[in-house]
Structures are given as structure tokens and as C-alpha cells.
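Notes follow the structure.
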Amino acid sequence: MKETFIKELMKVELKNPIMIEGLPGLGLVGKIAIRYLIKKLNAQKFAHLYSPHFPYFVLVNKKGSVRLLRGTFYFWKNDGGESDLILFTGDSQAQTIEGQYEISNKILDFAKQCNVKLVITIGGYRVEVKDKPKVIAAATNQNVLDRALKADAIISPLGSPIVGTAGLILGLAPFKKIDALCLLGETRGYLPDPKAAKSVLEVLSKFLGLSLDLSGLDEEIAKAENMVARLHKIEEKRALQAEEMRREEDKKITYIS
Amino acid sequence: MKETFIKELMKVELKNPIMIEGLPGLGLVGKIAIRYLIKKLNAQKFAHLYSPHFPYFVLVNKKGSVRLLRGTFYFWKNDGGESDLILFTGDSQAQTIEGQYEISNKILDFAKQCNVKLVITIGGYRVEVKDKPKVIAAATNQNVLDRALKADAIISPLGSPIVGTAGLILGLAPFKKIDALCLLGETRGYLPDPKAAKSVLEVLSKFLGLSLDLSGLDEEIAKAENMVARLHKIEEKRALQAEEMRREEDKKITYIS
Amino acid sequence: MKETFIKELMKVELKNPIMIEGLPGLGLVGKIAIRYLIKKLNAQKFAHLYSPHFPYFVLVNKKGSVRLLRGTFYFWKNDGGESDLILFTGDSQAQTIEGQYEISNKILDFAKQCNVKLVITIGGYRVEVKDKPKVIAAATNQNVLDRALKADAIISPLGSPIVGTAGLILGLAPFKKIDALCLLGETRGYLPDPKAAKSVLEVLSKFLGLSLDLSGLDEEIAKAENMVARLHKIEEKRALQAEEMRREEDKKITYIS
Amino acid sequence: MKETFIKELMKVELKNPIMIEGLPGLGLVGKIAIRYLIKKLNAQKFAHLYSPHFPYFVLVNKKGSVRLLRGTFYFWKNDGGESDLILFTGDSQAQTIEGQYEISNKILDFAKQCNVKLVITIGGYRVEVKDKPKVIAAATNQNVLDRALKADAIISPLGSPIVGTAGLILGLAPFKKIDALCLLGETRGYLPDPKAAKSVLEVLSKFLGLSLDLSGLDEEIAKAENMVARLHKIEEKRALQAEEMRREEDKKITYIS
């Protein structure tokens, strides 16, 4: 394997397919969103992406079997609707600059080959989230952006960067004459953030005209909030202990003098 | 995109063109100078340079549209004069050693294709500037250097390195049989330095025989000096506070003893 | 040398060969195991692997001669048994991500060329070992894994990564239609660990139906345990000294007050 | 420039040429030795080596002209003797692993093309030198090594690494059917070390049967020793000041108590 390649597991005929990408990144927003879609829609694997730019280890699966790090493409036949979906997620982003460009290119080449006209990338947007995470949109095309704004996304601040595959796909899509939209869920980013993923999926389902039951994410959100609360308590306890130690030190000094 | 490439937006016929390059670097001297030239001369975009050696993020433009990091070539028809100009600037330098060589090579290949006989690169020269920043010149050719010295540049100290694209273009130009001149404005380098850019543009306009109104830079210079002054005040205040704290500590110790 | 290549020293005809790989890694488990096999079986060199992804130094051999870092393939004719063996070890793992993939690929290509149907990789598994190190197995194929478990290996925990060549060979083997098994000896990993290597060789000889005298490793194990004991004593002594110093400091403070 | 290449400035006919390499490294031993040879023998430039694996800056030469980092080949016609010499030195070693292998390969390809049968590489060997620096030898060939030992080199300790181009050339030479010898002068390595270079040149001139006046290095050695002495004084002074400060602090504490 000298460069990134895609291995098709089967041939599928898709109707007007839209591709949606979400690799691990800030708050794992993209990956959580895509995995939820795969589960809810019961989407089927049909291709793997392998790359020598992924980290050089393998993962042990259930039952002691082993596999390379990889990305996986799933399809979903949207029988009632206009567009079938291709969903893409994976274990990792590329570890090198050139790998980042190479992998984004391969994803777009595969999209082209599948006759995809629109790729949607999902990621996180780092910010101190107060209430419900907002969803920031950017696009290669005004019309697509307007549709995202109608679906309750907000516009991205001027000049803010979109890092990694979610961003490069947008940057490279025009060279392949494919439209691309990026949806970023607001997240503090340092823990898996299913709440941000839920916000993105709300916008996405409105954008796609899909009716999607998102209640399945609420349990994950509750778990994540418990974890955050636990971490806060640990931090507070540490702060209190530090305060107490400082006071003890103060007493000592007073005693010395 | 496996390697750096240039995408032409239109074909232009240029008369004896001279190319002037200024990417981000020390004090942003090169980029500030080129952007001022573009604005003042109302130069027109005609080509983009893309590279997998740029950082792997995209930037959100106004109105939520997105683009890859890139360099841009502009042209200006110098109707009264001898030589039309090609101006080049961009978002970033290459992030890898090989990328630095590759991008400098592509710029020179494009210069060759445009029939450019002289490339001028602009950058910063790190030094503790006292008064008006001087402009240091180095060249691939004694005649070009002499003309730069006549235009009030000074000669570069022996053995000093010129880092990045501004330097490599000079190093690689002789292989393409193109002359090259580097103009470096003295700068402390840690903040955008329009004053250094103005010094370079003074030398450049004399060198090119262009009459160029540089007063538009004075506002930027005033802003930059305000910022430096503010930073100095903050530093002084911090120093004073530290001094005061030390005195308080001294009192304490005296009290203890 | 632009890429990894294998240089054959002689042509050998092997019967149903199984390849066993062990490069330096955690606790040097793989390298110690392979070197013991080479010595015990009196296996013969028949090919070298060179790579520009190995570190850029050479080693001085006995008598002042010099050689590149490399891997070496040995063969052993198993006259009584079913399968001859190819043993592979070397000086180093690749130093780059792409190099890791390239070297693992080359090893598998060579295995294919030698008509190998099964590759076994050996490494270390980092854990706080209490008693006898266990041997963790993972495989590309359920049947191979079952045979390893019968030979007293245990199954790998879900999701644990196998880093480096020992892992990538398993990940890449299915693309070449070769089966692969990984045997990892439990080790603390920060010192050469012949005890972990012995555990692996016990499983391996049972798996292969080889009767192998492993008592030769006991001397190395004794030496390694002496070294660990010495290191522990040094650490304890340091801790005692630190404790004593703290007490002295405490006295001082009491005296001051 | 996509890869390392050699540009010949002229064609030369050489008699049984021996190539001697010395790039910057530990104590600059190799570079100092080669530069002294070039000067003493009045050797002539005949080729440059350029590489995208050198650092990405250019150097300003005298008179404000500029050049890429590069290596340079010189030749010397040894009219009375058996073998002409090719001398190679340069500005820098490669900055990447692959570049190290690529450059060493190109040097050997060029040696082959010049009909060179023996390449001698020069470097430093890090050690706490007491008296006169010894010269350590390693070779690809017992006969060459024996000749070096007769010329007062000593044999390299088993297993010690030779890092960089000086080492890789030895490692790669057998693939090109060229003999290679490495001569390493003992040096502390953190400052330019003409004394180590002189030791190497003594061995080298004996090895080659050249009568070479090395007294010209004595001035450089004196300068280097002055610098070392100055650095030692500065360190001693700092140590004294630190000692004094500690005593002042002690007084303070005594006073407090």
C-alpha cells in the first residue's frame, strides 16, 4: 500500500446520492452523528478506505480478530425520498499534511464515481457552549448555504478555519465540480459531545427532509453530562484541597513569625 | 492533488513582466507590501497556486463560503512604463522542507511561462530597529544588485540566511535562467510591520521607476505603533506590579525576622 | 535506495513455510524470541531487507567493518515436520508512518513469493506483570486463533491496539490472502524481557508442534531479574535519601522558628 | 527540483580517483579537514550537489549574491602519485531520514561515474578527549581497514553507530561495489575542533602516501583552544558568582533566625 485506496465490497446502484462525512475530530461530533445515522437508518457497508497515512497500529476486534485502521462507506436507500445517502466515517484522521490532502481527494474521487453531487461534512466548532449547541454552516455554493440556513444553521464567522478532512473536502470539492456543505456543532471539544451531534442531526434532517428520531441520542447525552459533572466535582474538590493546603501553610508562617 | 499546481483563471498578455513575491513571514512585511501594491495599482487576479504542503485547513470567506489555502497571482498593465507587473502573495508558506522547494520551483516555472526575466522577493530582516527600517538587498546578479543599491537598499551582511520562499526563489532562479532580487525590510518581526513594508516599497518604487503614493500605509503604521505602545504599557505595568509585590514580600520578611 | 527492498543471498526451496517475525519493540520480546529460535534451530540467513525508513546511521561490526541497519530472513528445514520456518528479525522498526506500512508490505510480498500461507508476529504487551507472563493472541482468521488458544494463548481484550510491524502485518495480510497470527508476551516493557519471550516461545512451540529446549533462556532471565533488582534497590535508596533530606529540612525550619 | 541532483561544472579526466567526503557534523571535523585539503592542494571545483532535503534557506555570499545550500566536489591532480583526489564538502547534512539516504546514494552514484574505487568519509567521534585525539576507523573491507590501522588509526568499538552521511556512505557503498573507509577524529563535539581534524589528516596523509603540511591548522587550533579557555573562565566565573550569592542568602537566613 503506497497510497490511500478504496476497496469496494459490493456494487450498488444509488439514486441521486448525497454523501455525508464525519471522521473523529473535536468532540467526536462528526463520528457520533454518522454512527447514529448508520444505526437508525440501518445503512449497509459497501466500501473501505485504507491509507498509509493513518497511524501505524491495528485494532483488535471482538473475538481476537484484527484489522487495519480504515474508513468505511455505508449506503442507505431512501425509498420514499429523492436522494439515497452515502455515509462515511472511520477510525482516525490522516497523521500527515500530505495524507490529509490525499484522503480528502480520494473521498471526493469516490463521491464522483458514485455520481454524488453534494457532499456534507460534519465536525465540531470549539466554543464555550452555554445552552443548546448551535450549528455553524459553510458551503462552496450560495444556494446550498441558503438551504442550510433555512434548516436553522447559522453562518460561520469570517476567517475562521475548518481543520482536517471536514474542511479540506470543502476546499477540494470545487475542483471535482461537486458541491459541499460543512455543518459544525458547537462543542467545548475535549470530551465526546453527543449533544453537539444531536444539534447537527436536527439541522441535517431538516436540510434533507428526513424525519429522523433523535431521542436515541438522549441517553448518550445524559451519560456525557454525568461525566462532565463528575469531572467538575473532581476539579472543585481539588481546588478546595488546594485552598485548604494554602491556609495550613499560612498558619505555619504565622506560627513561624 | 498530489503536488503543488497553478490554476490559471484567464490568459493575459504581459509586456516584459517583472514578478514580485511576498508571502507571510517575519513581520508580514512581504504580504503587507504586496497587498498594498495590489490595492494601489488595482491589480487583477489571474491565477491561483494550490499545494498539499499548505496547512490542512480551509478558511471561511465572507458569506459562509469556503476556500483552500492558496497563493494568488495578480497582474498590472503598466501602460506608461516598460514592464508590466505580476504580484504574488498568499495565505501561508509551505509546512514541509520538500514543500518549500516545490512551491518555489512552481512559482519560478510559472514566471518562466509568463516570460518573466526578473523576480523580486520581499521579506523581513530581524533586527532591533531604531529609526526608519533599512532595506537589505541580495541578488543573483551583480547588475540587479547595483540597481537595488542605487534605489537606497543596503547590502546584506555576509553569511546571513534568507529563510523560506523569499530565499529559495533566489537560490533556484539561476537554474531557470531568471534573475532574482530579494528586498528585506528591517523588522522586530513579532507583529505585523507596515513600517518595514513602507521602506521596502520606497526602494521598490525607485527600483522600478514607479511613482507610488505610499501615504495609505501611514494609517496602518499608526495603528501598529499604537498596538506596540499598548503592549509596552502592559509590560511596564506588569514590571511595576512585580516590583511592588517584591517590596511587599520584603516587608513581610522584615516583619518575620 | 528510494524504497525498501529485499536482497536475496541465495535461493532456497522451502516446504510449506511459516514465517515468524520479531523486530525490536516493547521489552524486545519479538527480537529475543527470534534470536533464540535462530540459535537453537541453527537457522541460516538467506535474505536482507534494507530501507530508507530505518534510522540514518550504520553500525560497526566486529573487526571494524560496517553495515546498514537492516532486517534479516533466516530459514530452517524442519526435516521431520510439516512446515519449514522462515525467521525474520532486524535492527530497528521504521522511523516514519509511511515506512511502517512500506516495510510491512515488503515482508508480506516476500512471504507471498516464498509461498508462505501463515505469518506469525511476536511482540510485547505492556502490563504490570505479576507472575508468569501470559501470551495474548490475535489473528486474521478464527481457525488460526483457535489453534493459538489451544496452545495456551489467551484472547486479546477488545479494542486494544497492536503497534508497529507486528500489528500492521496482521492488518495487511488479508490483502495478500495470507493468514496471520500475533503473539504478544506480557511485559513491563522498559527493559529487555527474556521471560516474556520464553512465554511466547512456549506457546509458539506448542502451536507449531515443535519440541524446543527453552532452558537456554533461563540464564538471560536470571541476568534480567538481577538488573531489575539492582534498579529497584537504587530507586529505594534514592527514596530513602530524599526522605532523610526532607527530615533534615524540617529540623532546619523548626530551628529557624 | 524534486530530488537530489548533481550539476557538473566541467568534465575532468581523473586517474584512479579516491573520493574523500566531509560534511558538517560533530566538531565540524569532516568539514574542517576537507576545507584544509582543498586549500593546501589548491583543488578545483567541478560539480555541485543540490537537494530539496537541505534546510529551506539560502545564504548571502560576499557582495550580496545568494546561493542555495549545496555540496561541492573538488578535484586534485596528484601528478607524482597513483591516485587523483575528489574532495566533497558542503553546507549541511540532509534534514530528513529519506534525504540522508538519498544524498548518500547520489554521492556514491557520482563516485561510480567518476570511476572511484574507494570513498573515504571523515567525521567526529564523541568522547571526553584527554590528550591528542585518536582516529577511529571502520571500513567495508578488511584490507582497507588494515591499511588504515597501519596509518595509525585505531579500530572502532563494536556496535558503536556512525550517524549521517559519513556512516550511510559506508553502509551503501557495497551495493555499488565501491570500497569505503570512515575516519572519525575524537572530539567533544560541541565546538569546531581543528585538533581532531588534524589528527584525521595525519592518518589520511599516511594512508594516501601524501606529504601534507598540516602546520596551517595550528593557528586554528590555538584559536579554538582560546575559545574553549574563555568559555571555561565564563563558566567558572558564573559558578563563583552563584556560590557567592548562595553565601549571601545564607547570611540573610542566619540573620533572620
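Chains here go by letter, A, B, C and D, matching the order in which they are written, and residues are numbered from 1 within each.
Note that in this section contacts are C-beta pairs under 8 Å (C-beta built on N, C-alpha and C of every residue); 3 or more make two chains touch, one makes a residue touch a chain.
Keep in mind that what you see is a predicted model, and the values were worked out from it rather than measured.
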Same-site or different-site touching of subunit B by its copy subunit D, using the half cut: different
Superposition of subunit C upon subunit D: rotation angle, C-alpha, nearest 5 degrees: 90
Chain whose Cα centroid lies at the greatest distance from that of subunit B: C
Whole-Å separation of chain centres (CA-atom averages), subunit A against subunit C: 37
Whole-Å separation of chain centres (CA-atom averages), subunit B against subunit C: 52
Of all residues in subunit D, the ones touching two or more other chains: 256
Inter-chain touch pairs (all): A-B, A-C, B-D, C-D
In the complex with subunit A, residue positions of subunit C that touch it: 97-98, 100-102, 105, 137-142, 145, 155-164, 167-168, 170-172, 175, 180, 182, 253, 256-257
Subunit B-facing residues of subunit D, complex: 1-2, 52-69, 95-96, 99, 255-256
